[in-house]
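Two complexes follow with subunit A in common, the first pairing it with subunit B and the second with subunit C.
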Partner chain A sequence: MADASATTMARAGAESRLTRARRFWSAAPSAFRIGAIILAIHILLALIGWVWTPYDYVARVGIPLSGMSWEHPFGIDQNARDIFSRVLYGGHIVILLSVSGTLLGVVVGAALGLTSGYLGGWFDEAMMRLFDAFNSIPFLVLALLASAVAGPVASGEPLLLVGVVALVYAPRVGRIARGAAQTVAIQDYVMVARLRRERVRDVVRREILPNCSGPLLVEFALRAGYAPVLIGSLGFLGFGVRAPLPEWGRMIAENRNLIFTTPEALLAPGIALATLVVGLNLFTDGIARLIGRSTPHAGA
Partner chain B sequence: MAQAAHQSDTTSVVASIRDVGLAYWQNQTWNDVLHKVHLDVHAGEIVGLVGESGCGKSSLSLLLMGYRHPAAKVRSGEIWFGGRDLLAMSEAELADIRGNRIGFVPQNPTTALNPGMRVGAQIAEVLRVHGRTGGGEAVTARIVELFNDVGLPEPRALMRRYPHQLSGGQQQRVTIAMALACDPDLVVLDEPTTGLDVTTQEQIILLLKRLRSRHGTAMLYVTHDLGVLSELADRISVMYAGHLVESAPTEVLFDHPRHPYTRGLIGSIPRIDGRRPRDGRLTGYLDRREIPPGCPFQPRCPLADDRCAVEPQELAAFAPGHEVACRHADAVSPLVLDDGGVRPERGDSAILLEVENLDLRYGQKSLYQRLVPSALPPVVVRDVSFTIGEAEVVALVGESGSGKSTIARAISGLLPPIGGRIALRGSELAGDIGARSQDVVRRIQFIFQNPDASLNPRQSVGRSLARPIEVFFDRSHGVPRDLAERALDEVMLTADYAGRYPDQLSGGERQRIAIARALVAEPDLLLCDEVLSALDVSVQANVLDLLERLRRETSVAMLFISHDLAVVRRLADRVCVLYHGQMMQVGPVEAVFEPPFHPYTLTLLMSLPGSHLRPGQPVARSEPTRAPEPQGCAFAGRCPWQPDERCYTQPPPLHITDRDVAIRCHLPLADLSNLAGADGSLSTHATQTSQAGQTP
Partner chain C sequence: MQILALCLKRTATALLTLLLVSLIVFVAVEIIPGDAATRVAGRDATEETLEVLRQRMHLDLPPAERYLTWLGGVVTGQFGDVLTSGRSVVEILAPRVVNTLILSGIALAIYFPLVLIPAIFQAVRRDRAADHALSTITLVLLSIPDFVLATFLLLLFAVVIPIFPAMSTIDERSTFFDIVNVSIMPAVTLAIVMAVYAVRMLREGLIDVLDADFVRMARLKGLSQRRVLLRHALPNAVVPTLNVTALNLAYLIGGVVVVERVFSFPGFGSLIVDSLKLLDAPLIQATVLLASAVYIGANLAVDIMAILLNPRLRKG
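Let's turn to the complex of A and B:
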């Protein structure tokens, strides 16, 4: 009896969760729905590519630039490697680098920005000038500078790429976080915490951060949408991951000399990069609208 | 039968609201905010519409102006005005009536007046739109006449001012002048005095009374404050959750309320004579999700039975002119007042907090201000001294800008003083909270005015209550559950509140949580900054009960900041009266409410609803004639009793009476004893007229 009722209740719970999810799905903006589908396909392909590809991504499998065929749907590149396998394998690299770089940038930017907005005064002043300085350098120049400073040994390390993305994003996120923190910092509950003589770290973590999570989530989503472009650009310019690893931007760069003779070599990485960026942007735009705050589409 | 009563004298009816039902589109459904509201306003009559926040009174007043909210739908009914139905009119037809035949006075004059336009031009605009005037000189003459009517000094000069150059009281007089500009038949006033200081409120009410007797304009006065209506209204309608529950002439309503809600509402008003009703206090709060199909008040009603929940109650004549929507109207007895019980005698307790010659000013000195002393921000608190004994409740009383909250901020360590000292149990406190020891910080706890802003919306109640324990008692790894439960019990909330979030609580519950959060630190001193003023009347009464119980049962001392003298009378042991950062009068609560008075204290007492001015008694000016010098008496510019020039230039001497009251005033003590009249007693015959005879 008790078991039976427990099962029915569990089923009722599961059902209600399902219906709730269905209602959420139908009420969500269509941009969100399309973006979510594209993103889901991308993640699925990236997961497949991580564990299995038709050919090894460094293996020489046939005659270079021999065009599309059933065995090699997107052709063979100039180094005789299967492009489809390389694109498939590269998926998880691009997604991982983008997400972790954005995450690091948001965490650092939020920590500095929230503290700055809460404290105000000279700390805020110094922080803002620093952010201004970083924001005034075009992001590609900043990224190249950072790679150059890191030197030839570190160049091409995935960790460096994560750091570069974070460096570009942190000051931009910091400004948003600071603005959000300023409106929270004047609330009485923050005053109550100050009257307990809480440490700055505790006030920011317990009182400010939870009340700024909306704008920060939107910020994360929007920045993540542009991160593949940034990584792709770096790869295209030769500052991406090291040679045999099939990062999409780098693949486009490798084959760009052949764009007039065998354009199909560029097709797969190009489509992959474009759909990922479009999917991410639709998805994050939907999230922004769901959180109830239209965010200006600031550049990457 | 209600219908018949209304139709008997339709000739004099200015506006007739008949069976109006209104719904708002919220959360994908239509929610009813007004149910079959039936209300007549007769010529020359002031009708009061009273109810707590969210009861629909503002929706009704806006509907009467012909305002249709985009998300609102009129379900039923008509509003007859001038022989036509306002609800059936087009926007263009309504525009002819609004501001012309029906005037409107909004709650907040600061946002209602255009900040970029001279006030004279704003009134001229109303006159012009309704084609009321000929040439320019006629307009000016009309505005001068209006400004004289509403008691604004020097109309010709004032016309040329911008709204920000006027005080709040003057701004409200301008909006009243605007409402009267076209000699309307009806003026709708939506909480016109709520944002104003008590003395200003009193003057606006006197003005409205005068205007009514001079022009015979009918008024609908919408408010949450029954006390104000007792002075002003001829008839009062009480609204609850969109239903009119009672409607009666003012005297009848106060003497013999026939609806349990009305009775509770009257009982909730703090009285200046310190007495309180024996029973029938309102409990709970209006929750629109819990309204049964029958009587909306059923969940909170002491007389309710099961039938109340299912049988709709409609206004029905109880006596001529008195309508009630209650099955148990016969069983509702008049309020019986007790004298509030014997106050526990407090012997001379040891001194807990000592404030001596405190000077405060806002902001920090910048380098520029250090070099140029005249650029310093003005001193907001000057030479204030008082003490708080152990377990004693000391009230700081004064109007806005008197520096009450600033003093509390200084005691809590948020605003370092520029002069004077603050000492806790004899040891001087550092000015800045960062320099105080954790133990001192724990002993002084602050409770804020607005409970909506003082709880972190992303923290559960349990979390909010546990944090002070972690910080002050060094329990970094989890706080025992029962500590939070005990804290909730202390403020009469059940343990399951620990899992809730602030948006699931009512205003009164939030304020209780804020009090509980202060109490878990086991403080010696609570700084209560206007903790009641953001709450509804019935909720306020409950929180006041709680504070009173704390005062009785615990040994925590309080600095209770309030502008409400009636609340102060109930709660405080001693009272300090402040005006513009200067101490005017200090003394035990009983003695402060009896002569001798400081002129400002008397002014405050006279402005309470129900206190009656004797003929010929001087009244304080609403605006200072000229600013006194810093060391002069701050009240000099407004004081009607000032003896001479000394008031402006010299610090007033300190008188100490035999009842331990300290008064700073240039008048001799004997004169101060006679301020309120020859017999020396103030007629604070309070709102409830029937009990006036028994008032001590």
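Let's turn to the complex of A and C:
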């Protein structure tokens, strides 16, 4: 009997969660719903591409530039590789690099920014000047500079790219985190924690961070939405992941001279990247509206 | 007096930031793996050649001293010689900067009508089909990465409807009009990328203002639609858009890097990429510092304008 009632309760819990999810879904802004659907399709395709593609992404499968066909929907590039398979395989590379780079940037930026906003004083002043200096280098130029000075050995490593995205984002997130922390730092419970002589690390983690999670979440979504563009731009300019990995920006660059003969070789990765960013932007816009914040300019 | 003090303080902060950027750029170039002398002379150079080269490039001096020497040069407008050809950095930089200034000027000339016309049209036709259609278009354009948009436009105009040259071929002998001709496509791309966000901002602003009492009053006075829009509504809706325009100027500095590359435009942006590809330290330092200086200068100008326009500070 006890077993049965436990099952019933569990089912009731599951059902209420389901209805809650359904209610949330129907109450959410339509932009959010469209974004979530686009994003879900992209993630699904990326997962499929990770484990299976019609052809291997480096295999020579046919006559180069022989155009579109049922076997090769987006044609074949000048190295005789199937472009559809390459675009499909590229999905998880773009998404994984974007998410991990953004995550690292937000974590580092939040840690520095929240501490800075809580402490104030000379530390805050120094951090702000440093953030301002990094933010004054146009972000693409900063990203290029960081990937170039890493040298030819490290260049093209996916880990370097994660670090570059984090380096570009950390000072930008830091500024936002600092602003949020300043409003929390004057609250009574933070004062109490300070008077209890708790360690800075503990106050920031237990008192400040939980009360700044809203802006930080929006910040993460916003930055993650722009990361594919940043990574694609770097790839397009020749500072992205190493060949033959089919990151979309890289693919657009390497198929650039095919623009007159087989434009679909450029269109396919271009449309993949554009739809991913559209989905992410709509999704972020929805999250921001749900939390009640407007989204700042993504490029800034 | 208060205004002057605020402006001076803001300028001092900007200069401090620029100084920090110069330090970041110098350190960044320092950590490039390997020795600059080896990069210039090649792997097969003898130790004596390298030693001579290091002395000529002052690589034997401590980093702090080299930083100060370099900074002193920058202040007096001397950026040294590029590693690859031995020509002075300024000599290489100047024509590229001129090309990019022409490009940016054309882009801005296209930008303003591209923002005003759709935004006013949308605000007047609010919630009609045309408004929704334009909103969708701007949202999609907002999400297309600039190099993808540039590639699509290149495809459209150079291949499907060939009016403009696909590749920018200009050199020292090109006239001003040659440069303008090859600038149009990259300029259109930059203008579109900058305009989409501003259109959305201005539309929202205009819609808010059109509901305000003073606009209703103007309408009730029997003023013409055009006069209500241009004289009463627009000036009050344009301020937030000005901020976006400042952000867009900042974007423009990074945007030219990608867009110039797509159209093979020989400007400042492609020079940054080239200098980083070649790991040409003096050229990297000069280009990155210049890009940041423009950014800092643009932000400073906007902030000072905001201080001057703020009526609460005017009495001081």
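Simple rule for what comes next: the second predicted complex is superposed on the first by the 294 of 300 C-alpha atoms of A that agree within 3 Å, B and C clash if a C-alpha of one lies under 4 Å from a C-alpha of the other, contacts with A are read in each partner's own complex, and residues count from 1 in each chain.
Everything below uses one rule, namely that a contact is a pair of C-beta atoms (placed from the backbone, for glycine too) under 8 Å apart; a residue touches a chain by one contact, two chains touch by 3 or more.
Since we're looking at a predicted model, the values are computed, not measured.
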Three-chain arrangement built on subunit A, subunit B and subunit C clash or fit
fit
Touching partner for A:E198 - first (subunit B), second (subunit C), both, neither:
first
Just to be sure I read the superposition right, which of the two partners does A:Y189 touch: subunit B = first, subunit C = second, or both, or neither?
first
Just checking: does A:G35 make contact with subunit B only, subunit C only, both, or neither of them? Give me first, second, both or neither.
neither
Quick one: is A:F239 in contact with subunit B, with subunit C, with both, or with neither? Answer first, second, both or neither.
second
Most subunit A residues touched (candidates subunit B, subunit C)
C
Going by the contact rule set out at the top, does A:A274 touch subunit B (first), subunit C (second), both, or neither?
second
After lining up the shared chain so the two structures overlap, which partner does A:F139 touch, if you call subunit B first and subunit C second: first, second, both or neither?
second
Angular separation of subunit B and subunit C about subunit A, which is computed from CA centres of the superposed model and rounded to the nearest 10 °:
90
With the two structures laid over each other on chain A, which partner does A:P215 touch: subunit B (first), subunit C (second), both, or neither?
neither
Rounded to whole Å, what minimum CA distance do you find between subunit B and subunit C in the overlaid structures?
10
On subunit A, the residue positions that both subunit B and subunit C contact, one per complex
none
For the complex, give me every residue of subunit B touching subunit A.
412-414, 433-434, 436, 438, 441, 445-446, 448, 450, 453-459, 467-468, 471-472, 517, 521
Residues of subunit A touching subunit C in their complex?
129-130, 132-134, 136-141, 144-146, 148-154, 228-229, 232-233, 236-239, 249, 252, 256, 259-260, 263, 266-267, 270, 273-274, 277-278, 280-282, 297-300
Quick one: in the complex, what on subunit A touches subunit B?
187-189, 191-198, 206-207, 210-211, 213
Touch list for subunit C against partner subunit A, complex:
13, 16-18, 20-21, 23-25, 28-29, 31-34, 139-140, 142-148, 151-152, 154-155, 158-159, 166, 197, 244, 247, 250-251, 253-255, 257-258, 261-262, 272-273, 276-277, 279, 284, 288, 291-292, 295-296, 299
